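Both complexes below contain chain A, partnered by chain B and then by chain C.
Coming up: the complex of A and B.
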């Protein structure tokens, strides 16, 4: 085959020209968005400087554990970083979040900045005749007449009770943020299909992922007939977990999928879905397993019930929670090498080692973020698939006429 | 103290199990490279179940 060199270059050149214009447009759009984002972030930081008690900088290994524990927990304000200025004052950078409480005197709302970053029950906020203190990231209401918090030997408050806390905490803020992002991204993707068959812009990134979840997770595990009904839930769960996992790796310090409450809620959603959509065969196999001796059937029923209502959701919630929490602890410990080994290795050596190890573990964590979202979705699909599977009732029989378990029964027992 | 030793034993067991799963999957893939996708999926599911067990032991061991 021979192409005229001239023609080839001509076509190539024109194409390039065309693409350049397109790229220029895209780039200017990206730059505009970036400027907007930076403006928003810096304006938030501008008014968010607030003074707190002097807590001292991270000085040694004894503070590291405290910082890690603080990060793992949910908090009532959004805290980005702290520093000590030239006057020796401790400054915290971040922004407050609303606190919403249901106390003994009704609904109470105020901003978390009123606690002034206190976490030891020293600052008392008074609203509607009730006094509130923050203690170990939890808000307590003081009993009538009390003016300070009294502690017992184990540092538990003796004259304060927990209140119902509906605050927009850091995790709730993260969930709302991701919810909004998903709503915008996927509704724009869905709208594009009205006019054209191939999405443009950010939809180009999302479409293959959506198809991947549908074809690789939903279809093979639930089956060709019924997968459509559950794909919405699986997609939501997949993207929710994945984006929140990735958000946890950013310096904003989210740890949403590392909260037991969040993963438990997700596991309960899956539990409700496969319990509600379970068909007759599913309940039959759970309560009165066919193909086994009658005496064994009640024993199997107990095991199957425990498996369906306790073990399956528990394994789902613990796996996600423990993986993400362990990842965050390891990552923060590697960052802490910088402070802990400063004396022995020198500042440059400790920083170099810390950055090297952190980058390596960060790459693994990016993989884990996807893998955990995939596994949660996959197992949800598998459990739903087991609940809605249609058995053909042509169980194989061996020579003596006993029923042989078919492949699906074996798989169900195994899981 | 004993709960930590127990958690450690479970983690050793999980490590052996994960090694078995990974090794056998490798063997399977080497024998039948065209079944790679299916083997990988099954491997990840079993590994995830095992991992859940190990993490459960770790969390219970911390109490």
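Coming up: the complex of A and C.
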């Protein structure tokens, strides 16, 4: 019964994976088309809008592109919105976040407001005898003696190095926010159980979600016996990703799950968990696959090792990162229709088209937010389940006495 | 790939790792463990309650059956007792009738016997009195008869004549 259920989940998972790929394909197609469109339109209209004004309002396709590129990157201050006042000055509304750096002269901290919203390496902040500049959302330390940043042809800095940046960036701020929210929401739910067996209020919304993760993700993939010890991780990761995905759709513009570093950390957690909890059977099947000719076994071992240590975590981290980033790019591009097509479609037409498409993609993105959290958790559970699965049943033998692959091993084919 | 690597921030990676460990640890301690424990407890509780309800239902049915059976038994017993009482009553009446009859018969017999004996005594008494009377009469008659010689002779002759006839 347990295996048949797993089979069902394999099919299920395959579908998701398929769906996942489909979305990715769609998204990349949309992005390509849009970029083409923007390129054509901008070539027709010329560069009138992007001329001169460096820090001006977002106009024209190049500035849109730049804005989107800037948005999907992490940032060192919490920027809400910008406007140009009557004197023609550009004003930014938001609040600075602390910058914490490990430079060649030790730990350095200052507020991000020191950079004065500069992102092109022009403002130099001097602390502890080191000079720092911010360039494309990254903080660089200038080499000894340098006073300005020199750039090569591809606009890479030639006389500055990246520093280890432990700043409370916007992403870290988002992580802290979500962590705090989760802790408050779920510990209040946990406290409710002390007095009553059925929670009330917000807990009534959270409880089915917890039960869903436990019954639909943890139990079927890991098994009734061992699911308990991994449920904590799976629940945390599921809600962490889901809430952050949803937070990314708000106008605050968080893009935490679209940061490679964040998804990499999540994927490596899963990797560590299934590697540490893997049982004898798991290692046996990975390093010395039973039931195949001895000569093939080392080759299989290489493939299996690569699968377990590279492909699985890489697929986890790229899937989440790419889906969320693509979603943000598409969503922002659709909003940008409002500015880019203003000339051809008229203000009302461009706005209407933009709002219509944005709302459609937003609905899809809300679905994707859940879907990606589900897929990440589900795959983590599946990988853990494969590592701890007990082969307590005899392998089936065919007529020649070779071992037939049992149902459980087949699951690996779907990943 | 190059932009991917360029975008990768080691600092953010380390911060995220540390924060994730903290969040997982805190969530497990303060949220997931109590929540999952309570949920599991509640689920087993519900299961047990359902089983208990099922058992109680079965018990109730048994009890009902027992009650019905006992009622039936009590009714039957009452019936039997009533029947017995009726029988006893009838038997007693019959017995007393018999007894009375026997007693009456006995008394009648006794009375008859007493009457018989009284009668016999009376008859005997009467007999003796009649005999005495007869003797005294006979004496007086004889005395009368045998008062002269003629008379005596006449009597003898007569008697003799009787004997001849015989």
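Here, the second predicted complex is superposed on the first by the 357 of 415 C-alpha atoms of A that agree within 3 Å, B and C clash if a C-alpha of one lies under 4 Å from a C-alpha of the other, contacts with A are read in each partner's own complex, and residues count from 1 in each chain.
Quick note on the criterion: a residue touches a chain if its C-beta (ideal position, glycine included) is under 8 Å from a C-beta of that chain, and two chains touch if they have at least 3 such contacts.
Keep in mind that this is a model prediction, so the values were computed, not measured.
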Now for A:366: first (chain B), second (chain C), both, or neither, which partner does it touch?
neither
Can A:310 be said to touch chain B (first), chain C (second), both, or neither?
neither
With both complexes overlaid on chain A, does A:319 touch chain B (first), chain C (second), both or neither?
first
Using the superposition on chain A described above, determine whether A:378 touches chain B (first), chain C (second), both, or neither.
first
So, A:210: does it touch chain B (first), chain C (second), both, or neither?
second
Using the superposition on chain A described above, determine whether A:299 touches chain B (first), chain C (second), both, or neither.
neither
Taking the superposition on A as described, I'd like to know which of chain B and chain C A:107 touches: first, second, both or neither.
neither
Residues of chain A touching chain B in the complex
220, 314-316, 318-319, 322-323, 326, 371, 374-375, 378-379, 382, 415
Quick check: in the complex, which residue numbers of chain B touch chain A?
41, 44-45, 48-49, 51-53, 55-56, 58-59
Considering only the defined contacts, which chain C positions touch chain A in the complex?
4, 7-17, 19-20, 22-24, 26-28, 30-36, 38-39, 42, 45
Within the complex, chain C is touched by chain A residues 73-74, 102, 138, 164-167, 169, 171-172, 175-176, 179, 182-183, 186-187, 189-191, 193, 197, 207, 210-211, 214, 228, 231-233, 235-236, 240, 259-262, 264-266, 268-269
